[in-house]
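Report on the following structure.
Chain naming follows the written order as A, B, C and D, and within any one chain the residues start at number 1.
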């Protein structure tokens, strides 16, 4: 048996390639839209990807299922559980719809289908047995977004992101049962989850890429609860806010995703900046000089998790940066189904005249102590961070909501903005400019710096 | 002034980027369809490509003019000379049609238009003067396919490749006049030609990438003739056969070329091999074992010059090789306007059962001396090579014509094939298989080896 | 906790980087000499490699321990078990010598040391507990060459490769005890072995990169034996012949390994070919034409496993191939401690005049049936393959021994050579040339092809 | 003939590879220490580098002559002119010392040696004639640092950088004669100079990579002078200050340069920062937060031209940045003969606490107008820029001299620093910190911004 996991750092997502060397067949489980690496690996191993499976309809990225089907001619295996609302549409005739107890065969390898709802109603897990290796006991479980290392999938995305009321409670209940069901599986099973640390599909995913069921039974909080209500309460508490683009994903992944291509971006004139324009440069460079009203989301490994809050899937988007950065950003955006990048403008070709206002944490604290009630303070961190501690007198609006929610300050007055360390407040500066706040002031080092000073 | 030439080794083609640093404007002259390198260079230099020009309607590659226009919004400058048959069609409204004496301005740089027909009726050259550098004398000439290092453009392509009768003689006449006209230009001019050694647009292009007009006046054969008729005779004599795809180029370059994209190939099943299937592996590997009836055109720097003989622009094509080789081949084919690669098959996924028959030159010579008249001998070299010397009793068919011309041998008898050194005969082996000759035998080392032995 | 494995395909070797994000410290376990990837990964994760550990003195590659110590200033942790012969020498003063029960701390991560001899007397395993992740149960075991996926380490390398008599039996005994000891560990442990499929450190390693102890208890043959003698018999039977270079590794790894550098090769004149010269081209290309007496070991993913048979660590070596191939080969050789590549010769710069003689399996079989007793047949496969089945009348000499052992044939007579599929016999052709056999004939497709024909 | 130029953007330097395809020989003229690209190009063209030549003893980079000699076994051709002080030492026995009128043969290509002193006493030019191409007239001239596009080499480097008194005037005289000598050469010659725009070896080099002699006769200022004294005056006037490292180059290039290797850098502990530590990050990132007293020289295409001012060839150097940036910087430094990079520190591993003080040009101007006489203003531009125009009351010290010259300000008072646009003043900030000026304030946008405001 050949086995390889593919970890995408932007999405903290894992796809798995499993192949039978005896027959040359392989399956790709939970593929992203960028399928080149899967093909190259299979080719290097003398395998052909003939099948593809999904554990569930993903909420956090655009599925590569349709790419694998159409480009490689692979047969798709998808969930038939969860009811009508959860049925894949526009699938080819040879699609295999899976139910509890079904089996997928890849040469001499078996994947036994388990229904493990909770994250979503149709969620499946696959138990792998390597018959070719001569074993009759299962080796591991592809647990999708049911079971992570140290956590389980969150049941509230549908309600929070896709506004489907009442689904959170039902999901939490399902999840409790799925966990109990998993307890019956043997300790020695490897656990191959759908996400690693950094994904918004759970709240406390571990950074270790894989685990074993026995280890999770001992260490994963979800296995420690015997009381369903307590479990449910813990499960839904303090889940991170899902980025706005999640709402889009369920829809397109269920209905259809157009084929991905190797996106290349081209320079456009500076007059072609779009309503939302993303500046890809480092935050210090942006804050030193930028075009007024542009959003600063640096092209680094966290690009998608920030950009995903500001996309309008109906509209074009312009980028500011080098061709290399713009190409990279456009390819990342494609992974979450956004294909409308209009082009990029080189920073040299723009009048970059706006300097972000900045104050040292120390300086701010002095003012704060003097005249707290006169200051407009905006905390753009997550609700969980806010709940844990925040400045007295501050207003809270999540950075990703700044273009959507009302901001209760005078547009002509200074607004002091902070997040935890200074990255999200950097994005907030541009969002505030867009909303007409010309005097947003970034508190350097964020709440972390303020707390450190207050502790002294 | 910024100046950079881009040399494409497959097409032996040169594009030129010229920019004015004072205004930030740049022009790309004679672009290929793959425009990424032009953009990246311009960006690195702080330049924006705002204009693009062509010296003439190219016959040997698909023009990137339309890509530059549509992707970059550049204003096109093209020839208005040569009459109705030579008028670019489907051009944007802001197209500038150029006539003798016109000037293109790129910031403080001037390109003065000279009509230099001969290769084609509409051919232009551009004389560059760098006003920004403070000079009033021209610095060099973009001579397109009029003037090469050591040669001039051939006038017979239209007749030979595109079957336009009578154009060769008219072109040769034009070329004589264009050469005389060039004699009046100053010696110090740099000559920036459209092609380097290896192009089929001329017969004896030098390998040095550029020259000066004074040097060409001294050394280029074309400048030595004073008699028009003698010049014309020399010009058309022994021109290499143009690959079949040339016929296609004039048409699409005049009418329209669809936008290029970053082509990626995908594995297809072995049963999906197309009528023409190209095996991209090294010739020794192919000859050791291959699929019957496939053509062996190794993916190296000469790929296009061989593949261009066998393309059917209406039909799909399958490749044999790794994904990396197939992607590279598909990108190369796109440069000559062929976008229909269906996919590739990994050699491992095929039954490669056919071994090419081979004979050492020595062994062949022994047979040849014994029973010359009984042997079927096929010489697949160019007509010029054939004319210079060939085996008594051999038949001549150019390798690129083997799928089109009648082959006057018994399909069940051995056919001994040779070229000059063994590369083209390697391609011929597959072509003969396709035509039903199952007993083609490759003479190792080709005519070069035979001649060496006969000289001993 | 951060965890990443690094798999080297040439050596089928695994190194592991484990870091504590809370303190920023990291350890690299069983490093190769090429440490760039370890550093880059650590850097990207914000970790600093402050420690390094080895499970045992490696026999199959040159250890990167000294590189990590000297280049990164890391503190080394090595075995203090196994007695005097197994003590690392020339180690820095801050070296920690480990005994059963010791613990290595990397921030909040613990590695508990277990003595698991068998493969070698000093072999250790490390049990990892992630205190930082809040767990008190161990997560997995770095099992070195004690426990592989589906196999255990071989105890006979010292005797076979390093000629240390009597060590095999003692090692097998140790191994039995180590396996019993491992049975007491919990099923849920992840198993992180030192090698994957393809390593000569065991005979039947699985291709799956990791396993769990519970799964191994069920499936690994070594856990099924209760009788020590039967276990020992099974353990030593049919182990693959270790490449000659193994003898060198123990020595240098114990004593010292010079620091690795980024090796670059330079062209040398064709007259500078060394006694052993390795031709890196594909076997078909080599067999079609090569320099007499050169060895053909293609530069692909199996290069090291073949080249390791023919190295003389005291002498320089010349390569034939492109600069790119030669650089790659030289870097691979450095991984097994060979740093004496003299340079390379481009194939174009050589008189490649020798054509390898070849016969189709069918043709050979015809001769074999007619006059078996007159044929000189040489089987160069492993002893295990030979034992399973071989041609009546054939002689057996392992391909890797062809330069060392007597070859019992007339040097002027044809010698028919085969391996299983044609790769090792390709190498054998050159070795036979070196030994003066000018008429070695390769049987195409090897024993596999012969068997298929005989079955018909 | 094969011809290729290699342009190094950091050094604005040109090396030339010229080969004769008929004999397979090639020469590399004026090689840098990084010779990989030369070899790869030669190999791809089927050429072998058998000879190497230098136009003169370089002052601005470490010569790759010794690398080519020792790694490739090439025969060196160097100047025998200029007297004893200018004689290459420690050269191999087969070195050919060239005098006016000598000829270098590379297959059928001839290089005729011309003595063209001025830049240095031993400077040669090589006139190329391509006999293989059938020509008896020369094609072009390798003019080294004698003749550039639009300029001639400066004669004052020895006096300015290497403190050899009286050499400037003698050189200027020589240069006048060399220019007159060149006037006699034909207009059609291509001019292949040793440097392009950006080199400190001349003051007004054009950005066009090559020229012709006829064009230079018309446009190059040096050809317009008939009066020697006027020429000399113009020649030495306003030459840019040569970076301090120039002094080192003459010495090592004449005596010996150790062989270059592929330098890799390793992380060192933050306590290992050296006296001179270079921070490689973008200037905005550095100014936002950096380690006190470190110099900010961003790793971009101008790195060498700034770093060359601050190197102490006797001492080790630490870098701040990523491994990728540090490796790149170390490789660049090797090109100017500096091989003592100690390692790098990741920015994450440092306490970056110093924020550079900054003032907007507008704000500064307000203060300046109010109380000019009270401000400490430091202009760190070149002397030529200073001479053209500067702020009344400002002091001038070139940025590259800030660690060496006395700075006439109170260390506890604010010092307002500017250059032309803000890059050199960014470097100056760290230098001032090193010198104990804790209150250096950067004027954003530099003199350019100030002038624009004053013009309003």
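Throughout what follows, a residue touches a chain if its C-beta (ideal position, glycine included) is under 8 Å from a C-beta of that chain, and two chains touch if they have at least 3 such contacts.
As the structure is a prediction and not an experimental result, all values here were calculated from the model.
Taking the definition of touch as given, a chain qualifies here only if it contacts subunit A and subunit D alike; those chains are B, C.
For chain pairs B-D and C-D, the one joined by more C-beta pairs in contact is B-D.
For the pair subunit B and subunit D, the distance between mean C-alpha positions equals 41 Å. We define each chain's centre as the mean of its Cα atoms; on that basis subunit C and subunit D are separated by 48 Å. Taken residue by residue, subunit D touches two or more other chains at no position, since every residue touches fewer. Those residues of subunit D that touch subunit B in the shared complex are 1-4, 21, 130, 133-135, 137, 139, 150, 186-190, 206-215, 217-219. On the subunit D side of its complex with subunit A, the touching residues are 282, 284-285, 287-288, 355, 360.
Residue ranges on subunit B touching subunit A, taken from their complex, read 24, 36, 39-40, 43, 46, 48, 71-73, 261-262, 264, 266-269, 322-324, 346, 348-349.
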